[in-house]
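The structure is given below, and queries will be raised subsequently.
Order as written gives the chain letters A, B, C and D; numbering starts at 1 within each chain.
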Amino acid sequence: MKKLRACILGATGIVGQHFIRILADHPFFEIEALTASPRSQGHEYGRQVDWLVSERVPEIVQEMVIQDTCADTVLRLDPDIVFSALPSGIASDIEAQLATAGLPVFSNTGAHRMDSSVPILIPEVNPDHLELIKYQDLGDGYIVTNSNCSTSGLVLALRPLMELGVRKLTVTTFQAVSGAGRRGVSSLDILGNVIPFITNEEAKIVGETKKILGTRSTGEVIPAPIDVNASCARVPVLDGHLESVVIDMDEPVSIDRVVELLENFTGEPQALTLPMAPSRPLVVLHENDRPQPKRDLSLGSGDLGMTVKLGRLRCQGNQLNMFLLVHNTIRGAAGASVLNAEFARAKGVLA
Amino acid sequence: MKKLRACILGATGIVGQHFIRILADHPFFEIEALTASPRSQGHEYGRQVDWLVSERVPEIVQEMVIQDTCADTVLRLDPDIVFSALPSGIASDIEAQLATAGLPVFSNTGAHRMDSSVPILIPEVNPDHLELIKYQDLGDGYIVTNSNCSTSGLVLALRPLMELGVRKLTVTTFQAVSGAGRRGVSSLDILGNVIPFITNEEAKIVGETKKILGTRSTGEVIPAPIDVNASCARVPVLDGHLESVVIDMDEPVSIDRVVELLENFTGEPQALTLPMAPSRPLVVLHENDRPQPKRDLSLGSGDLGMTVKLGRLRCQGNQLNMFLLVHNTIRGAAGASVLNAEFARAKGVLA
Amino acid sequence: MKKLRACILGATGIVGQHFIRILADHPFFEIEALTASPRSQGHEYGRQVDWLVSERVPEIVQEMVIQDTCADTVLRLDPDIVFSALPSGIASDIEAQLATAGLPVFSNTGAHRMDSSVPILIPEVNPDHLELIKYQDLGDGYIVTNSNCSTSGLVLALRPLMELGVRKLTVTTFQAVSGAGRRGVSSLDILGNVIPFITNEEAKIVGETKKILGTRSTGEVIPAPIDVNASCARVPVLDGHLESVVIDMDEPVSIDRVVELLENFTGEPQALTLPMAPSRPLVVLHENDRPQPKRDLSLGSGDLGMTVKLGRLRCQGNQLNMFLLVHNTIRGAAGASVLNAEFARAKGVLA
Amino acid sequence: MKKLRACILGATGIVGQHFIRILADHPFFEIEALTASPRSQGHEYGRQVDWLVSERVPEIVQEMVIQDTCADTVLRLDPDIVFSALPSGIASDIEAQLATAGLPVFSNTGAHRMDSSVPILIPEVNPDHLELIKYQDLGDGYIVTNSNCSTSGLVLALRPLMELGVRKLTVTTFQAVSGAGRRGVSSLDILGNVIPFITNEEAKIVGETKKILGTRSTGEVIPAPIDVNASCARVPVLDGHLESVVIDMDEPVSIDRVVELLENFTGEPQALTLPMAPSRPLVVLHENDRPQPKRDLSLGSGDLGMTVKLGRLRCQGNQLNMFLLVHNTIRGAAGASVLNAEFARAKGVLA
């Protein structure tokens, strides 16, 4: 089967770099074009980018000339698929234009996430939400989004617990600086400090969690009736969002039952053995002081950063406490979007 | 009035150093003797200590010879008052021995906090708990403890809100490394990392909060009927514990009412204008990204570190969210203990 | 004597904030006006600034309306003296225009430092260089600059050693992030890292050191015949540049002689007891692991940050090794500039 | 050829962990036994160790029972080869005892490095120093040491430049906390700080550099006549020592010539294609702000951490400036020792 030719929008930022790293050697997709802001346009990628996400810029994009991020340019390049790592502000129009012009757009951006017929897809969690694309009013193309970085770990951990009757979720995040992008957090602000605020993050967690765990009703989603309370903070950590989570259930819960549900959880991506799908979406660490961003972000050579790590599980009455760790720029961004595209392809809506 | 001669137990650690810094120039107390582990015994304090808490070791203790931490030694030194910054393990016996021998012991240690007739005193919060000392079975002396560092900020913030009917408290902490003491946290463990575990800390927050906010009934305390859920983590911050707090009330709350209660809150230490009492125990910061450990630990020259800073107040239904910041080694340790002694003196039980 | 009315150019940046902090309560100067970039113009300072340098924005500038940074605006405000904390790029023209229009300009900027008749003044080191202003071709006004931040500590330490015959200087710096300004260093770049490069810094150290220690010959300076070799790196430290220094002398040196020279060093600012002058410009720390940025930046309540700390002195043959620590935004920036103005006033060229 | 059975002394520390990581899947050696302090003795390695150096404890040592670090125990285990990661204090006697009893000991410890007939071997630099073992007075066994961590990078960079006539070396180090071991540097000391002192480090750099680059004369080494000046500091970096180096040559040097010598440098380990030998011992980075510990410690999947990275080469007259980066726990410790053993085996003195 021929590889689909991909265009990556916003290719010089952190998430754009992860898209490149993941797609540089992917069985389904190949990188056809890269776009960035006008400042970078016309330059060779390898010379222009401040590469931060792995040892070296992949050979395949070293000399690729960066294109301008505009719909006309992208349409002229005529890719089979578009991955978007654009800032929210400029993503809204161009993503809609490209979809309307017939392109499938897999977007990490928040711009269209809460649009009623746009799925926030996490294939282990809400695979049927992919169906929403049939109801989009966007010509032959469509937009599929992945969730906000901190939401991704949260809903993956919640999914297998839903059968216990999740009523309420209280979360406090410890978020890494890479989530704010290349120059998002100044060293003067974060060295030896914690900043208890991230713009819009708490509202995103509340809205997206309820939508992702919600029930699809033809072309829209009825939000899950879960009470979500979120508090977000930035910490001096490079990669990996840690989250302190309290879940209120309908009935008393036992640790054994919870661990069993979490460890046995798999979804369609696992059944389909998609390239980006981890063998297990959730791993429970049993040491008493884990997960830790610096030590547990990756479980080893086979872990692409798509596995969410859980630890410090504690039950009391109807409440379950845990800490979870999610790789914010992979499972919470570029990796999530690529998994969505793999899933869409497996479902026959991408060719 | 003659100053009371104080002996500081465990004077070389971080909390011991803060005791010295505060008492070096105090109107009620003067430093008479310092104890430390056998390794330090017999050395001049200024040469032995690895001083970390201010610019210089105060002149008054520079050449003071460190004594052994043992009851006989302390009794031979015959102080008027004892401040204890000992590790919990060795504090239990010696504090009891000194009290039994007639000495008033103001302890920062956890050893006796949960003893039924030992108060965990925060004079703005539970001044009448000082009465418990009458029921202690410890001869002419007594033990007064202050709370665990993270608990101190929490109960101060809760006190004025109790009239709104506090039912439940969910807290996640971001704790500074100084709380673990001089060599408590290795740099290899915490640089660029978060450790989601602190030994016993969560149980301390639960137990102490309920006791401090509880009702004294002659010689014991009936714990407050508040459901407390705590999750504790260590972050790469030097000083200042930040806490994400969710409070469930009996009825819907409004921000205006909450701010009014918090900002108008004062207690007996303020009425008595005790030296360590801040003019206001609680200060609400109105910027959207505060309080931050590095920027808000001190409000200025008049702030000794006893003021708890609150911010990001959010109300939804019966729930109030906030972040609070407490100076862990001052309001959460040495400063708290000295304030307790000042309060005891004002109440006539110290002379 | 009436206070001179000062205008601070570039008042919202880190150095501008230090100017305000220092001048808010100064015996010779009072803040009359503040300028910043167009983005800030017209806003009240207290609402616009992201204040980082002390607890609170001084009352006196809270409601002061920020002016545009342009020569016409400043001239219309008609101050007695101008302090400039502008970025080098935009400083060059406006500083020259203001001087030409008759104003004395005390600048922290690099723009005019190497102009032949502009002094890089450090009054303890080269007080007679102030005479250069007579030869400036700038109408009734003049420009006095202070040195680059890392150079300031270096030449202060060298001054008293010059009599031993300094031939060569080899320096490697460990520079704090505040030296790069408000958003100069991204957290992604510096957390857990060292960056062995700072734009132009090495050339500045070489050129400025030779000029400051050089001999004035009427209207210009003959550079000191010292061989200077500099290597500069950025480290994850907030404030305080540490420098590893090797000095080659004409003859063998002894530690005792070096310490004596360093500790007895004073200059005209000390003789004149100028407000910003530290009682001793140099302090030698005798512990074996000092100076350290976090612990030694300030020596105590009387230390405004103008004292350079030295330590780890080692002699071998004709070579002297040491580490020095300089407060980069005070002795290396705003404080240096204010001291220069105080000195100019004492010398009768400012009224 | 049968694998040699290795015993690792001091297996729970950082360097011991790297020995295990490297030897867990090595073509020449297999792990036979592990020793540690009495506290760990008798426990399974996987349960006892606080594993820090990679994702997971290798399967092969998970259940291996830790032995006591004493000569009798090791001799009873009868290994073919001993790798020592012991602290210097306890290494001296046991390493001598094991060698005397006939065992080849490859030691990362400083204890015997400066013994006249003990080589500090870096096979790319001084391969003939291996001959020294014939002159050791240690029975049938022998001791081969590798250098101190910061020295290793330095002498590798110097080796190809020796033909230009190296007369003098001035180095300032920026050393990572992992070099101090598991609990060597407290977070209170290093967060946001630089500590300009590391016990004995400067003397080690001076002595070892001169010995390694020295000329073997039968059973001893005549130190190289190079003047070495070292200043060492600890920085808040996890792994990777950065060093600012100034080299004085006999004659003027050109960048082109220096780069050519550095990039073409290879040694016997490369000719022998030893498993731990990097394809090139030295790599010159041409970006203007490299090497950086966080970004350049590894060049990619093929880089085991044995390549030294150089950058910011600057020539002026007879002087060459550069920054170099060495992986302190690999090229500067465990990897160096394993390479030495591979080299000894290739030379026929290990079987």
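Criterion: contacts are C-beta pairs under 8 Å (C-beta built on N, C-alpha and C of every residue); 3 or more make two chains touch, one makes a residue touch a chain.
Please read all numbers here as calculations on a predicted model, not as lab measurements.
When the C-beta contacts at A-C and at A-B are tallied, the pair with the greater total is A-B.
Ranking every chain by how far its Cα centroid lies from the centroid of subunit D, the top place goes to B. In terms of their C-alpha centroids, the spacing between subunit B and subunit C amounts to 41 Å.
Look at where the CA atoms of subunit A average out and do the same for subunit C: the two points lie 47 Å apart. Chain centres here are Cα means. That of subunit A falls 42 Å from that of subunit B.
Within subunit B, residues 52, 191-192, 236-238, 295 each touch two or more of the remaining chains.
For subunit B in complex with subunit A, the residues that touch the partner chain are 170, 172, 174, 191-197, 229, 231, 233, 235-238, 242, 244, 246, 288-295, 311-312, 316, 319, 321, 323.
Per the touch definition, subunit A reaches subunit C in the complex via residues 14, 52, 177-178, 182-192, 236-238.
Residues 52, 54-56, 191-192, 295, 298-301, 303 of subunit B are the ones touching subunit C in the complex.
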